[in-house]
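Quick heads-up: structures coming right below.
Paired with chain B in one complex and with chain C in the other, chain A is shared by the two complexes that follow.
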Partner chain A sequence: MNGSEISSVLVSGLLLGSIYALMGSGLSLVWTTLGIFNFAHGAFMMLGAYVAWTIGSGEAWGLGPTLGATAAAAALAGLGCLFEVLVLRPFYRRKNLAMLTVITTLSGMIFLENSALIAWGPRIKQLSPLIPGTVHLLGVAIAAQEMLILIVSPVLILLVWLWLSYSQTGRAIRAVAQNQDSAQLLGMNVSALYMTAFALSAVLASIAGILLGSIRFVSPTMGDEPLTKALVVAIFGGLGSVLGTVGGAYAIGLLEAVSNYFVGLYWTPALLFVVMIATLMVRPSGLFGRS
Partner chain B sequence: MNDTLLEIKGLDVGYGPTQVLRGVNLKIGDASRVGLFGPNGHGKTTLLRTISGLLRPWAGEVRFAGQAIGGLSPNRIVEMGIVHVPQGNTLFPRMTVGETLLLGAYAKRAQAPRKQNLDRVLTLFPRLAERRPQLCGTLSGGERQMLSIALGVLTAPRLLILDEPTLGLAPRIKDELCDAIRHLSGDGTPLIVIEQDVEFLTGLADTLFMIEHGRVALEVLPGQSLQHADVMDLYFGQSKGEGADAVSRSS
Partner chain C sequence: MTGDLARKSGRELALLALCLVVLLALPSLITGSYGRHLLIVSLVYAVVAACWDVSLGFAGLFNFAHLAFFGIGVYVSAILSKLIGLDPWLSILLAGLFATAAAAIVSLPVIRLRGIYVVLVTFAFGQLVQQIVLSQAGITGGSQGMVMVPALHLGSYNFARDQKLAYCYAAIALLAVSVLLLRWLMASPLGVAMRAVRDDESYAAARGISAARTHLLAIVASAPLTGIAGGFFGAYSRVASTEVFGFGTLSLVLSMVLLGGTGTLYGPILAAFLITFTSEALVGLGLWRFLIISAGMILVLVALPGGVASIPQLFRRKTY
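Here is the complex of A and B:
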């Protein structure tokens, strides 16, 4: 493997890792805070892309990609709140919450995907990039939009991490995950905090969708494969830790890029699952995780 | 003028199908220091959890400063000024002491006196200042209790409720905590304390309630004196022989 091939694989791995990190961190946030796995996370990603397309694309309202992206994030924040109230909140008092929400979020996913199919039709769409043109990274030519992804993703995750670590609301969200009773007795409104965390994860998913939709395609089922990858990443990196998920995301991204080069596209997904299983056998809480 | 701060009438509460409190009646005045005691499993903690909103009453009334609070959410009840420091509080295992202290001032009512209360709390429990960078999960039992009580103070209570603050602690730490609690009550905050140690309660409280079988079995109001023998009788049952032996052994 020569120098430019290595760079090419590296850049590809970083790009995949960035998108997986955005997807995985949203999923991990919900798991850590609410203790549930949100099967509709991929659908949120897809809807983010579609809203951005409707607002921004010349084929629809034509208000430009920036406004489209902003509107998508806002819309998904709202949808996240609504989803939490309708699909999750009624079940918080039940003992089998984790199982019940598998069913409810899965139903939500099916509902949202089919709604998108009806609303926008089956033909794939493309999101125009926020920054056109190409740049060079490590001697490899990539789209400027891809460079944007490489920067936006870690920056966004860092901002979220800083907010969770140092703001009072961020602290409160971590607190209710660790001891709900004590948190309530300090005046925290658990439902409101759950809703905030869930809305934040929906916004992260929508941004992942917008970024992915601008370098790949926008379709009603575009979120399915990223959801699977995000699941692998979140479990592999360690479900209890948002930063661990990010580490896992880049590891998996790089692994996938290397595997695509040597093993090919067909076997790579299977290989990734094998790696996840092997890691879990050695470290049951994931690479960086605490259960 | 001793206004009624907390009034409970005919309270029935339970968990699932099991009833724990049966028609509890009690009244607490504004300047009170109240002790709650009684055998384990008879409803003391259940009563506190109902007052603080973690449990919803099945029947009956709970009024704080005249307002009905039964069934309100715990965070609303905190904003009204009732601060419950729960029993055996495991706090937030993966957060540091420093972060937890910051969370102590989460409630809106805790904002204005925030700096003052923090100074007060760190003076009362200097060990917490040292432990700031440490995770709550690594604290000793005594330190966790200190932090729990500190959080109670930081929330700017109008009524502070402590559920077995010295449970499971070594005698030396227990004394430290008892001193701190006496100090707190000296500052004038109305207090309800549950304790197994009736001696400590008689030293601290001016009103005592004994909870047995989900009811208020004995009430000692300000001015009345508590006969230890009465307590022993009720504690160990009607059998005179057992009660008398217990009294003569302990006195």
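Here is the complex of A and C:
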């Protein structure tokens, strides 16, 4: 393995890690705040890509990729609010909340995927990149769009983290996550904060979808595979904190790239699973989680 | 007290015998090949859903690897009977054994975990099995799946003959045996321990019940009949496809358990029939069918927290 191979494995690992981090941070935000694991997160990602395609692509409305991305983020914020009210809110007071919402978010995912199939048809689409062309990173030629993912993902996550740490609303969301009852006693509007956190995670998903849809394809089931990977990431890093999930995402991304190189594509998922199990045996709440 | 229980149990057995008579009569009433296909599919799903309820409902474990046990059953028996040339009946039994071994493996991390992490690990296990099946295309056919899986025979009689009549009776037998075994399991000390750990783990521990041991045995006990149902389904449909590991099949069977009512033996069985036939009745609607089913699932969970099995209780509460 020479220098250029090392750097190409490194770059592909960072790229995978960036995508997983963007997916995982949204899942983790919802988990810490609402106590729900959202299986429809991959479907949100897919819808973000489709809305961006419809508004932005020359084959549809043709208003350009920037407007398309903006419209997608706005649409997914709205959908996130609607989803929270219809699919999650009725169950907050039930004792087996986590369990019930697994099935309702799975149902939501099937609803959204089939809606997309009805609305856009089975033919796969591709988003035009926000930035065309190629650039060089560590001596590896990559698409400018991939470079964009490498930058946008950590910056976005940092912004979300700063917002959660220092803004009034962000701190309120963390307060609700820690203790719902006392947050409510202090006069915080718990249901509005739940909705905000969920909508924010849907927006993060839509951005992940737009970024992924321009380096891979846009199809109704495009979110399934990243969702599965985000599961592994969430277990590995621990769902308890957004930053823990991000750490897990980059670790898994790099591990996957290294394993793809040495072990091959076929056995990499099995290897990731074994690593995940081994992690859980030692640290049951994830590598960076607090037990 | 014991007399009361015995009378209750006697009434339950009588009701079960009545259900069995109705089921045995069904193949003579439903004579078309398609109607019988739906009957067989319902029966297989009923077994899978009822077994899933052992870990999900009775032990209260969020085990999402159950469909993987079913899929392992489908593929193991298909591989053994088609590629190795074993007798299909023996392959089906071995499928149950392999599914049980898989359950033992997946239960090792599960017994150390709680809540959502159990969901994630078991879910990931299902995805892993699918990945392995997809990657070993030389054996499993990859994304194409396996076709021409050997059918079941008794002597020279092919079970598919006479509009699948023999498959109907074999599936009924499978469900009947499953119900008897599951009833026995639930009445056994292990079944009681499962419910005890689910309802109050610390109290159960104080009474000397190990939660880890009970959880492990619950998952393992849910697997053999599931694997056998998988092997039977593969021999019946003569196809093994990775669809059994997908989100669609998972949520279909999960909805049977949840709509039927977790922690009830007969609820998921009833729901398996209800959902299979409803889902087929809507098949003319194309993709809209999935929208109706998924939206309906959420609605039922909002309106009926205890599943279909809780409807009688609802009425009872009103009259008292």
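In this section, the second predicted complex is superposed on the first by the 290 of 291 C-alpha atoms of A that agree within 3 Å, B and C clash if a C-alpha of one lies under 4 Å from a C-alpha of the other, contacts with A are read in each partner's own complex, and residues count from 1 in each chain.
Criterion: a residue touches a chain if its C-beta (ideal position, glycine included) is under 8 Å from a C-beta of that chain, and two chains touch if they have at least 3 such contacts.
Model, not experiment: these values are computed from the prediction.
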For A:S4, using the defined touch cut-off, is the partner it touches chain B, chain C, both, or neither? Pick first, second, both or neither. neither
Which chain makes contact with more of the residues of chain A, chain B or else chain C? C
Touched partner set for A:Q178, first chain B, second chain C, both or neither: first
So in the superposed three-chain picture, is A:L186 touching just chain B, just chain C, both, or none of them (first/second/both/neither)? first
Quick check for you: in the superposed arrangement, does A:Q168 touch first (chain B), second (chain C), both or neither? first
Can you check the complex and tell me which residues of chain A touch chain C? 31, 37, 86-87, 90-91, 94, 98-100, 102-104, 106-111, 114-115, 117-118, 224, 228, 231-232, 234-235, 239, 265-267, 269-270, 273, 276-277, 280-281, 284-285
Within their complex, chain C touches chain A through residues 62, 64, 108-109, 112-117, 119-121, 123-125, 127-128, 131-132, 135-136, 247-248, 250-251, 254-255, 258, 287-288, 290-291, 293-295, 297-298, 301-302, 305
In their complex, what parts of chain B are in touch with chain A? 52-54, 73-75, 78-79, 83-86, 89-95, 99, 102-104, 106-110, 151, 155
For chain A, which residues are in contact with chain B within the complex? 168, 171-172, 174-175, 178-179, 181-190
